[in-house]
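Both of the next two complexes hold chain A, though its partner changes from chain B to chain C.
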Partner chain A sequence: MNNVLALAGVVIKELYRRKDFYVLFVMTAVITMMLGSIKFFNDDRIVRYLKDGCLLLIWISSLVIAITTTARQIPAERESRTIFPLLAKPVSRAQLIVGKFLGCWLACGLALIVFYFFFGAITASREHAWSPGMYFQALWLHWICLGIVVALVLLGSVVFTAPSSNATICFIVVMGIMFCGRHLNGVAVHMGGLDGTIVYTIYYCIPHLEWYDVRDFVVHDWGLTGLIPWVAWAGATLYGLLYSVFLLGVTWLVFRRKTLTV
Partner chain B sequence: MAGLPQKNFDRMIRLVLLLVFACCFTLATELAPIFASLQARSGAGGGPLLVLLGDSRRLFANQFFTMADVYFHSGYYPTIFDARKKEGPSHLDVASHEEAGGSKSKPEEPDDDDQFLGKPRDWIEQFGRNFFPTTHTHLAGVNAREIMPWLKLSAELDPKRIDTYVTAAYWLRTSLNKPEEAEEFLREGLRANPDSHEILLELGRVYFYSKKDSRVARNIWELALKKWLQQDEAKQNPDPHVREEILGELVRDDEQSGNLKQLLADLEELEKISPNKAGIDKYIQDVKAKLAH
Partner chain C sequence: MNAVNNVVEIKDLRVEYPGRQFRERPKLAVDGLNLQVRSGEVFGFLGPNGAGKTTTMNVLLGFVNATSGAASIFGVDVRQLIARQRIGYLPEMTYYYKFLNTEELLRFYARIFRIPRDEREKRIDAVLKLVELEAVRKRLIKTYSKGMQQRVGLAQALINDPDLLILDEPTSGLDPLGRMKVREIIQRLKDQGKTVFFSSHELGEVETICDRVAILHQGRLQVEGPVNDLVAQYQGNLEHVFLKIVGFQPSS
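Up next, the complex of A and B:
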């Protein structure tokens, strides 16, 4: 466990040493404040468009951080050949994967806390009634979603040769699932036949990342009338953790027999 | 060049650069008015969005109008994958046209009549419904202000989209109690669409209901009716429902002012196009009876 935590610590340090997070945070803050400075029909209490814009930027930024940070972990270690002394410590390949995953996931969590704190501050400056429970649920589900994404990208980093191709493919897959994942069953029913069965099977197999995007609840203040049922929240958490474990398991299966020389 | 000492060579380079800069400056003073006149001719002057998007902005304008409807329903809205009952006006449009018919939408109340989601097909879909809004509600009162940014943006992108001005003005005038802003926005729309009887109808309502200036309102409605008739003569197929609404408003003004002769004339005009001929005929008889006394 110490080895895993040490590896995770290195990844977290890497996040705050690199400029990615700062650039994305400043960009999010500047665009949000520019949006906030616009006044529509002399009404300075219009807030939902601002929340919507800010949350969209937070989602994009967090996905960029998660995917780019994770995609370069193992390829960078292999390219610089630091993976050999690392595995000779001794650190097993399984520990390396879990350590990298934990580091990337925790780093994403830290970034999310900063982003949501900013979001909360912006919202509080305009809106005087907000639901901390809903904000917590949104932040938590967002973090669980990033866990699945990190595990997926880690799997990609042992399958694909270049981090850039891995990042691009993962970004497309994640976006595809988030936009269309919820509707694949409907599409399958319309298609019918063998094609429909294949699409329905894909629907059951893909990680349902769209569950974790609860922006509509936050933007439209549904939290003031009631939170997401805690059973559903716990179920989504369990599903996310299990899917991450599954992806990490597959990553380990691929990685354990992989030659490490570039 | 090779024979020049380094110091002189540097000076020469600086002079050449200065000359190039002076040329750029001179060209800019010559070209700027030409480009300005070209831009004015193409009618593309305006905000940065217009410059960035060009004519494709009209596609985005429709999307932003839809976004206003999404906000009006607090995120409960069909996607392109969800089956819609039928294509038709959005609830925003319907709400802004309800006034003429006398009925009002019931905001913040669930409306089970329009359940586009249907029954869940499997446990994943059923479970997934915990994570997005599944209740049909409408924004009520001052909360309707949340749709305004999208309507403003839609109008910026497509100034010819008349529905945007009418809908925004309706909400500004009614729920938000901002008649000045409503009038300003409608006049902005009128500058882009000078022959729009729909905008004139709504502008008249701003004067009649919010500013309590029935004289100006009547003049605007009469102008709206004139524009409608001109378009009808020109075979431009104006919406007959709008004519009915204009006449309805004129009748309302006659009732308020007590001008029975004008009321009779307007009712007779309205009877020709109204689906409720029997009701209006009875009203005409009542007015005639009053006039006889």
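Up next, the complex of A and C:
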């Protein structure tokens, strides 16, 4: 665990010493404030549009941070040869993978806290109301979702050599799942036969990232009358953690015997 | 010499790299290598480019899996993690995390070796003093010159006070002053009784500091023995011995 934490610490340090996070945060803040400064037809529901826009930007920014940060971890270590003095020390490849995962995931968590704090501040300034329980649930599910994304990208980074191709492929896969994942079972019912079975299989195999997107819940104030049922929340958490562990296991299987040449 | 005194032991080592293209035959990098490095000696591992020196070091460090044969460090199979607890490694080209400064980098590596916190700071101070980087310890590594980066490499290799140092061309690309400093450090480590296993193309330097050498050519061990014996046997300096063994014919 000591090695894993040491590796995670370096990843977090890298994130806050690079400019990516600051650029995305400033961009989100500026766009949200610009949206907030416009008053459409004196319509009260405009606050909802503002919240929706802000959350969409937070989701996009967090996915960009998670994918780009994770995609460069192992390929960059190999490219810059920092992996050699590291693995010449008593660090196993499994520890390297878990350390990188933990570092990227925690770094995403820190970024999310900043983003959601900003979101809360914007909402409170307009609605004069807070729902910390709901924001916490949304943030937590968002973070669990990013855990799956980070594990998926880490797997991609030991399969694809170039960080850019890995990041692009992972971004397309994640977006594909988020937009189409929930509709696959319906499509399978319409198709029927062997094709339907294949689509059904895909539906049950892919990680359902769309379950973690509770933007509608937050935007339409459902949280003011009640939170997401804690059982559903815990189930989604467990599902996300199990999926992340499974993806990390596959990553280790691919990476454990890989020849690393200086 | 019994096995306990052998810090590094390589038996019938064979390493093949798979062909990069479809149906391309595997490339033989090391072929039936047998080698022992004894405790407290400075061992020079020589050979022309592509001879298999780095591959052998990669096997010792667990980066590459042997096709057949065995290798052990301090009697422990190199595939086991514990084998790396008492070694320090300096790669041929040193690149470290550019967003860290030397102190942070050394603290990170010290943590991996589970060095207790107060001892960790003392070790960092000691190695920085040894490699003469105390004054720039808080500067980001990316701002260092090549020679300074090489000394960072040496510092990280020494952070755990290793009993065995594996150095892959430690003076490559350094100016004469940098080379002399690295040589001085190796000499100091030798005086402290450390075992040093290093590859180099600087034969004059090898002749000065090594107790024994092995010359590898096309993946096979050609000759091994004390530097003085080889020089006497081939009636010339180490460069002469090297050129003779690799079959160099002057064009004139």
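Operating definition for what follows: the second predicted complex is superposed on the first by the 256 of 262 C-alpha atoms of A that agree within 3 Å, B and C clash if a C-alpha of one lies under 4 Å from a C-alpha of the other, contacts with A are read in each partner's own complex, and residues count from 1 in each chain.
Just so it is clear, a contact is a pair of C-beta atoms (placed from the backbone, for glycine too) under 8 Å apart; a residue touches a chain by one contact, two chains touch by 3 or more.
On a predicted model such as this, the values are computed, not experimentally measured, just so you know.
J.: With the two structures laid over each other on chain A, which partner does A:Ser80 touch: chain B (first), chain C (second), both, or neither?
T.: second
J.: Output check: A:Arg18 vs chain B and chain C. Expected answer is one of first, second, both, neither. What do you get?
T.: second
J.: Touch test for A:Asp216: chain B only (first), chain C only (second), both, or neither?
T.: first
J.: With both complexes superposed on chain A, which partner does A:Trp143 reach: first (chain B), second (chain C), both or neither?
T.: neither
J.: Return first, second, both or neither, reflecting whether A:Tyr116 touches chain B, chain C, both chains, or no partner chain.
T.: After superposing on A, A:Tyr116 lies clear of both chain B and chain C.
J.: Chain A residues in contact: does chain B have more, or chain C?
T.: If we count touched residues of chain A for both partners, the winner is B.
J.: If you stack the two complexes on chain A, which partner ends up touching A:Pro90: first (chain B), second (chain C), both, or neither?
T.: Touch partner of A:Pro90: chain C, not chain B.
J.: Answer with first, second, both or neither: which of chain B and chain C does A:Asn185 touch in the superposed model?
T.: First partner only, chain B.
J.: Could you tell me which stretches of chain A are touched by chain B in one complex and by chain C in the other?
T.: none
J.: Of all residues in chain C, which touch chain A in the complex?
T.: Counting only chain C, the residues touching chain A are 17, 54-55, 57-58, 61-65, 81-82, 84-85, 87, 89-100, 104, 108-109, 111-114, 153, 156-157, 160, 166, 168.
J.: Could you please specify the touching residues of chain B with respect to chain A in the complex?
T.: Those in contact with chain A are residues 71, 74-75, 79, 81-82, 121-122, 124-125, 127-128, 130-133, 142, 145-146, 148-150, 152, 172, 176, 178, 181, 185.
J.: What residues of chain A sit close enough to touch chain B in their complex?
T.: 38, 40-43, 45-49, 141, 180, 182-183, 185-187, 189, 203-204, 208, 210-214, 216-217, 219-222, 228-229, 232, 235-236
J.: Could you please specify the touching residues of chain A with respect to chain C in the complex?
T.: Those in contact with chain C are residues 2-3, 6, 9-10, 13-14, 17-18, 80-82, 84-92, 257, 259-262.
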